[in-house]
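Take this structure, written in structure tokens, and hold onto it; I'll ask about it next.
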């Protein structure tokens, strides 16, 4: 059934890495509009490397990346971001020297999307934090801010690298709700370690190991099994 | 000829080549002597730049230090040039051991810049601060104070030439051994992935420290030979603006290789020799040369040569396999 | 008393020049992660252009203006044509590249203006009197110009969106790109600004020193010292450390003249032993090979 549609992001036989060091081997994956994809796998499995390659920070050795049916290999990261593929980095690094408002201003400046109210409907908490220095936010608030910045410009696909890392369980629950709302607007691809969240939101799960995709499934039962396999 | 013997022959081949050139072009003896001395100096920088990945904008200070310690010894304390060389080597070891921990701790650009400042202080010291001893810009003369050395009287330029060749040969052999030994590998591994080396149980700080000491000793040795060859020293040797030259020479020859410094010295001094017939100040040339080498020719003369050799050997093997 | 007051004012004017020239190094390091040595070329060119324009038109300010413009224009050329290739590479690439550009520039200066140092007449010989101490008006003007530049630069960084993007970029270039901002355009703009300021520094310094082909060498050392002492990548650090070093040079030199040359280095060495990242340095970006 899915073969008939063209994927939003199509990755074929992708090899990538740092300098001479090969990290990713023969990655092939498809992301369709409206989906929530989760990437699972141990540390060092190559998930972040995959995201950095997709976002344009690493140049692949070979293989193709088609986003909206256009080749994006060799484009600058900012070009990829402007074409609608946003990447939320791993370490929850907001621009700590700037206020929340200024952080959002930067995101709007780049995308010319000043519709903050739309973003606040998903993340109402941010509204009251506008004057605060971003460096003083809590981990959960920083993640909210990063998501808000990513959503400006109405991206078609958002890559999120470990958004729940280091967050308290109730915050993870909040974030799960946020993702459930956001998916109405955009496609999500998330590197996630948190089992309950994955089983709640994922339509499809890719499992990575040693730079390869070792399993892929869209069946809820199998997702459960796959995620358990990883942890047990 | 096996690979081993071929490698053993290279030091003799290169020094032999220099001696042969001296007889083919007798007028160029001074130039060839300078090539040998400059090679030592570039070798020192190569340990920092090629092996350890440090850029130093202060190498002239170590050269000048060696030259001045030899000169001061010969002008005031003793008369034997060989002892003076020894003094310079000891000075290099001492400075390396004392300055090493301070400088090596600074990574990347800090190392570069602090070395540059150190060089400026060195220049200031010999030019102004110790003017009573060093005679400042007049230079310190000691040629007439040197006594004849046994076997080979190195006060004569003709004999000094052979002495320089001998030193070069010995250093070539030692340098090659260093490159092939655990130490050479450890230097490069420390540059490539320091964390991993630490996991393997190596004290990377000491490795870098040792590299710094070796680099310093090679520079002071070269400096003392320069001093004895000229019979005097002046502060010019340690000028900051000359810091780029040794980096260019290292790049030109092929950084991180055993014989790169030798070819770097020949190429750099050769170009300088030719060009200086037309222009006296050649900053312009050094700059243009560096940019070209850095962007278009970053393996250097010797690096490119070994690459070609490697490739042709590979194709030869391939041809043998598929007759 | 009078000696000390004029020493402080002389120190402040030295600080002013140091600050203007060091911005290029500081910002180049903080934002682009390159060691921007060829700013010294714009500094030297600024001084030489001032020399030429003062001797032909008599106007020092025309000289300063042309110094700024030529510095900015060359900065644009070098950044877009050469430095684009070294971004993201090992720090030694940018160091060696920019130093080469500087050397080429020195070579050209020698061809155009010759080897002999040139004197430049001060635009004003007016002396101001503070508590009976005579202070040259020109020095006060330099201090004023540097002060205005600092405030202007701060306002630019805190009030404009491009300035905010620069601050964000100093914190994390990758994240700025991920927002969809063309970081290279920001690099170019910053580089051009900083190069222009280096040219301005050279122009303002011209009447105070002899303009020679190697004037950049000394300034290079001092600018380095300023930036390292303040912490690479911190504008505030550069400002504070320029203030300190100006006084070290001036007051130190008044006490014992060799201190005016070596004093800054000793201050830097001492601080580095206790704070390897300088006074306001950001941990992490201080290390050259962190790519």
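So that you can tell them apart, the chains are marked A, B and C in the order they are listed, and the count of residues begins at 1 in each.
Assume a contact is a pair of C-beta atoms (placed from the backbone, for glycine too) under 8 Å apart; a residue touches a chain by one contact, two chains touch by 3 or more.
Quantities reported herein were computed from a predicted structural model and do not represent experimental measurements.
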* To do: Quick one: label the inter-chain contact graph as line, ring, star, complete or other.
  => line
* Structure fact -> The chain whose C-alpha centroid lies farthest from that of chain C is chain A
* What are the two chains with the most C-beta pairs touching? -> B-C
* **Inter-centroid spacing, chain C versus chain A (mean Cα positions, whole Å)** => 42
* Asked: Using mean CA coordinates as chain centres, what's the chain B-chain C distance in Å?
  -> 33
* Asked: CA centre of chain A versus CA centre of chain B: separation in Å?
  -> 52
* Asked: For chain A, which residues count as touching chain C in their complex?
  -> 55, 57, 76-78, 81-82, 86-89, 93, 95-98, 102-103, 105-107, 109-111, 149, 153
* Asked: chain A touches which residues of chain C in the complex?
  -> 161, 164-165, 167-168, 171-172, 174-184
* Considering the complex alone, what residue numbers of chain C touch chain B? -> 29, 35, 82, 85, 90-93, 95-97, 99-108, 110-111, 115, 214, 217, 220-221, 224-225, 228, 232, 258, 261-262, 265, 268-269, 272-273, 276, 286-290
* Asked: In their shared complex, at which residues does chain B touch chain C?
  -> 49, 53, 55, 57, 102, 105-114, 116-118, 120-121, 124, 128-129, 240-241, 244, 247, 251, 281-288, 290-291, 294-295
